[in-house]
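You will see two complexes here that share subunit A, one where it goes with subunit B and one where it goes with subunit C.
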Partner chain A sequence: MNPLNNILTYCNEVAFDMNFTKAKQWKAAATDRALIGFLPIYFPREITHAVNGLAVGLLGVGDRKQIIKGDAYYQSYICHLPRGIIELALDNSLDAFDGFIFPSICDCVRNLSGMFKLAEKGKFQRYFDYPQNFDALIGGVFYGQELNKIIEDTYQVNGVKLTTENLNHSIALYNTNRKLIREIYNIRQEYPWRLSAVDTYTILRAGLVIPVEEHNPMLEEVVEIISEERGEPMDNIRVVITGSFCEQPPLGLIKSIEMAGCYIVDDDFMLGSRWIQGDIDAHTEDPLGALTHAYLTDSTFSSAMYDVGNPKGKRLVSLVRDRNADGVIFSAASFCDPALLDRPELQKTCDEAGIPHINFQYHENTGQFKVIKEQAGTFSDSIKLWA
Partner chain B sequence: MKLPLYTMGIDIGSNFIKLVLMDYNPLSEGEGSGVRPGATLLDKQTEKIRKRNPTLVADEMIQVMLRKFNLGYEDIAYLASTGEGDLVKRKRGHFYGMTTHAKGAHYFFPDARTVVDMGALYVRAIKISPDARVLDYKMTGQCASGSGQFVENISRYLGLSIEEVGDISLQADHPEVSSGICAVLAETDVINMVSRGITTPNIIKGIHLSIANRIIKLMSSLKAESPIILTGGMALNKGMLQALEEQLTETGKKFIVKTHPDAGYAGAIGAALWGGFRHLKLASKEKIMV
Partner chain C sequence: MSTQTKEAIKEKSMIIQKDMLARQFHELSITKETGKKVVYTFVPGNLTELILSFDMLPVYPEINALQSGMRKKSASYIKEAEKMGFSEDVCTYVKCDIGMMLNGNIGPTGEKLPPPDLLLLSYTGCFTFMKWFENLEHLYPGVPVAMLHTPYQEDGRITPDQVEYMVKQLKEDVIPKMEKVSGKKFDEERLAKMMVNSAKAEDLLVRILASAKHRPSPIDAYFAGVYYIGPIFTAFRGTEEAVEYYTELYDEVMERVRLGLGPVTPEGEMKEEKFRLVVEGPPNWTNFREFWKIFYDAGAVIVASSYTKVGGVYDLGFRHDSTEPLESLAKYCMGCYTNMNLPQRVDLLAGYVKDFKADGFLINSIKSCNSFSAGQLMIMREIEHRMEVPVGFIESDLVDPRYFSYANIKNRLESYFQMLGQRKIIMEQETEKIF
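Moving on to the complex of A and B:
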């Protein structure tokens, strides 16, 4: 088997393991380790890493687990992701986790934090509030306080104190992680046939369940492999996918879009891993301040975030231009309020910029892609033949 | 300009693979439309997949055709797939089935306004513009009772080959119409008919009438315009065509329905033609010699 296939086989195995075997093995190797689960979109994993913890992304169960109890917790008009996660918790698949972080992206996730609290899952359940004000003296101070709460939560679990040196080291590791991911996306922008979007997604998703020290060499190897020519270029259109930042699309959906003649040159599937867009200062006396500064000034955009000073539509158009994309596919989970409420405004901005777009909705466990394939196929043809 | 400009179209269906080689002469291209009155169909080939690997079958078909014309891959300006195109290696691009059937039908009849693609798994009615753009479409739903695969299954139960079905249907005198909604119910109907001693031609004709009804409903809901061009595997089934004409007369619909001896290749031909069109478009963008 070639090296890339080996990486993909491994990533497939760990990324979609609903028992989180690798993460549990990591924790079992030492007594002062803490396993922290976090929900989409973004959580600064550096603060967990620096106190001997592993932050594990809980991205839903996809089509890998049948939801039975979860449906009793959420109404029919609620998205699929929280059902799967509460199902995992009630099935005791998350029992080895010490704590859970629920970023404030929507009401469903907030309610889920309450459910975890009531069910006494983990030693702490922290609703992690993002600042809505980007002034360093207001939002910045607030964000720092929120981070400190999580650091304290983790200290109560494993008794490991945060040090400046450790946090700088963790920031440096995650800087490398983000840099390598950026490199993969940049190579794919120019040569999208070298690594499919499905494979890219799988590699990135694996990074949310294994230590960054293990993920970084893997990414380095991928960068090395795709820096050389491989695969055959095809006459496909180039699209940016947006709206899939929380509940993840099934692999079949991503594959269907690619098979319909679209190169996905950018997306927001694993947005948390790419949230901070540049390097964070890793040689500072105040690494927590550096994390805060990065969040306030170097975050990407998403429907779940307030951004009056830097409109998302404008940023989406700029992304499309930067990636030399032919169009946008608005692909959101059904009942995802942030994505679906933002969509008309984003579509209007795309219209004004002359960027063609289509839209559809999915569930993480959608199994039928005929309609999506049709939409993506006709979208591709219309751009190729008549744009 | 390098002539002839060879393009290949390959249509991977669920039962059959269709391959065509065309000479796409850009000099006779209609302005901005890709209309190709002068395009020439040089060769065509169909292969039943049976239980083989479709990728290998497709590859072998391409190799055989290239050898026959003493060509290599590098001589083909654009190898385009349609249908399950991901199964084709070394293609340059892929076009969606509706786009290619529209183009294929337009190649047969430039005045085409509606295309009815009667494939193995579904029937699709497509409204097209004068330059073969898809304007709107309707297709049969999840159930397979309006499809070629269903006809093939029934013919197998009745001990017939798919090639015989059309002629046998023409022999019917008192056709028994089966369920037009559900393949399972329709198959149960057929079992009942056999046990009641209904003759094979009357059973087959009944199935054709039932499918014809579904097609007419599709055409009506699409507000189809004439002429209507039938494409896909079932388009050459004489019994199916007669049933469609009868149902059109009975329902008072005044559609002009046409088919073509190469109707089964419409998807592959459309892919080859759009491939040529796209090749020239890319070449003009990149300002390269074609």
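Moving on to the complex of A and C:
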């Protein structure tokens, strides 16, 4: 097998392993390690890494696991992601986890934190309240307090104290991670045929369940491989996908869009890994302050963040322009209030900017892609023929 | 269904409240003439006293939506918003409000509501509120938005850091924007004076809702409860008018207790109290009277509900405090029901089952409201396990009539009431055996 295939085989194995075998093996290798699960979208994994922890992304079960118990905990009109997560908790797949982080992105994830409390899963269950005030002296102070709560929670698990040196080191590692991901996206912007969207997604998703020290060399290798010409350019349109930041689309859906003639040149599938747009200061006496500053000033746009004076629509249009994309696909999970309530305004902004768009909804375990493929194919044809 | 044509029987306090609301909406309709500034904001964690202290008028979009639901106007408003691109899946309060705005923003009394001069995005216990006002911000371009982020009671308590965070937001962002819009300086003394009235009304409301501990309960703490909370959860908290209303209501309820009377329903006094229930979740507004009728026809009275705590869980002891007005506003916002974590909610509901000697626990799960609905099935299991009472579960929506299936709901409730009835018989038989 060639090196890229080796990487993809490995990533496929770990990224969709609903038993989190790799992460559990990592934890079992030493007694003072902490395994922390976190839900979408963003969690500053640096603070866990710096105290000998591994933050593992819990993105639902997709079409990889049949939900049996989880459905008994959720009404039909609640999105799919939490029922998959509660399924994992109830069938003991998460038993090795020490704690769980629930970022404040919507009411479903918020209430799931309470369900974990009631079910007494993990040693701590932390709802991570992100400030919607972006003044350093107000929201910044609050964010710092929230970070400290998680650091203290983890200390109670493994007794490892946070040091400035360790946090700077962790920040540097994640800076590298983000930089390499940016490079992959930049190469794909020019040459999307060199690495498919499905493969890109799999490689990024694997990074949420293995240590960053293992993911970074893998990403470096991918960058090296796709820096050379490979694959065959197709007569495809170039699209940006938005709205899939939490409950993840099944791989088949991403593949269907590609096969229908759309190169996905940007997306928000793994938004958490790309949340901070630039490097965070990794040589500072106040690394927590640096993380806070990055969150307040260098976050990407998202439906989970109040867009004071910097509307998401404007930022989406900029992204489309920067990526030289032909159109936007609004792809949101069914019953996802944040994504679906943003959609009309984002569509309007695209209309005003002359950017064509289509939209559809999905579940993480959607099994039928024919309609979506036809829709994406028609979109592609219409742009190729008429744009 | 025939109840729609009959004139509902109303308590005196309901008539007083109707007049209060009519005056409020009239005042809103003449702001062009009076020059009064208008603040759009939300019920849970509202800053009514602060708004009134600047002589501005509050408008609550979710109240407009529920009123539209009760007046059978919500279906067309929702369709209007869906035509704009809003998914069928999302909150119908938002769609109803936006549809109403697109249709001329005519309020419940038939008078036009003024556009906002300030959007006060104080979002307590509901993430969708933020998305709602982001949409309104685009629909009312140029109108300033004051954001007040209310931290969730993640640890089951309100911490000093959280209070400080909120007070800083009030001082640095919310109050300066209110000063700018109203053209008036912030008057802390005036705010504090209003809070004395707030606390008086809050005391009275707690005593009114606690009256349901009597047998028979003199009130229905859900269907009638939504009327009782009206003034205090909306534009009147902090006013003399609210204190007068709650004094009248309290006297009325106490008189019913003295006479041993049951609750007043739209068809008159409920004669026999067969079942006492605790209800979790908001009511359905599009078919409110039909929904209520299913209960009172079966002799079921709601003795406590979580919905009447969305604008403040005063029975846990919180009162607006004139000695620390801003801190008090912060604590108020954080203390509202949907800002409590799930274990707190379970404790509260279990306490209601015990304290109000309820025969059962029922959830009306609302399709539109994830803040309430997500996790309710686990709440139900917890209550069943802890309290050993029969639990029931029905589903409907706030203001989308497409999600109110009368036959299904009636069927389920009748089965539930039958189960409660059977259980009562069995329990009585067992008690007889013991003695």
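Just so it is clear, the second predicted complex is superposed on the first by the 387 of 387 C-alpha atoms of A that agree within 3 Å, B and C clash if a C-alpha of one lies under 4 Å from a C-alpha of the other, contacts with A are read in each partner's own complex, and residues count from 1 in each chain.
Everything below uses one rule, namely that a residue touches a chain if its C-beta (ideal position, glycine included) is under 8 Å from a C-beta of that chain, and two chains touch if they have at least 3 such contacts.
As the structure is a computational prediction, the values presented were derived from the model and not from experiment.
A.B. asks: Quick one: is A:V308 in contact with subunit B, with subunit C, with both, or with neither? Answer first, second, both or neither.
C.D. replies: A:V308 sits against subunit C, while subunit B stays out of touch.
A.B. asks: Applying the document's definition of touch, where does A:E232 land relative to subunit B and subunit C: first, second, both, or neither?
C.D. replies: It touches subunit B, and subunit C stays clear.
A.B. asks: On the A-aligned overlay, A:T164 touches which partner chain: subunit B = first, subunit C = second, or both, or neither?
C.D. replies: Once the two structures are laid over each other on A, A:T164 reaches no partner at all.
A.B. asks: According to the stated criteria, A:T21 is in contact with first (subunit B), second (subunit C), both, or neither; which is it?
C.D. replies: neither
A.B. asks: Between subunit B (first) and subunit C (second), which does A:K384 come into contact with in this model arrangement: first, second, both, or neither?
C.D. replies: first
A.B. asks: Given the touch rule stated above, what does A:T297 touch, subunit B (first), subunit C (second), both, or neither?
C.D. replies: neither
A.B. asks: Is A:S318 in contact with subunit B, with subunit C, with both, or with neither (first, second, both, neither)?
C.D. replies: Touch status of A:S318: no partner.
A.B. asks: For A:G261 in the superposed arrangement: first (subunit B), second (subunit C), both or neither?
C.D. replies: It touches subunit B, and subunit C stays clear.
A.B. asks: Looking only at subunit A, is it subunit B or subunit C that touches more of its residues?
C.D. replies: Touched residues of subunit A are more numerous for C.
A.B. asks: Hey, which residues of subunit A end up touching subunit B in the complex?
C.D. replies: That would be residues 232, 234-236, 259-261, 374, 377-378, 380-381, 384-386 of subunit A.
A.B. asks: Can you list the residues on subunit A that touch subunit C in the complex?
C.D. replies: My answer: residues 72-75, 77-78, 82, 104-108, 110-115, 117-119, 126-127, 129, 131-133, 135, 137-139, 141-142, 145, 303, 306-308, 311, 332, 334-338, 340-345, 347-348, 361.
A.B. asks: With touch defined as at the start, can you tell me which subunit C residues reach subunit A in the complex?
C.D. replies: 84-87, 89-91, 94, 121, 123, 126-128, 130-132, 134-135, 138, 145, 147, 149, 151-152, 154, 161, 165, 168-169, 172-173, 341-343, 345-346, 365, 367, 370-371, 373-378, 382, 395
A.B. asks: Write out the stretch or stretches of subunit B touching subunit A in their complex.
C.D. replies: Of all residues in subunit B, those touching subunit A are 34, 78, 85-86, 90-99, 133-134, 274, 277-278, 281-282.
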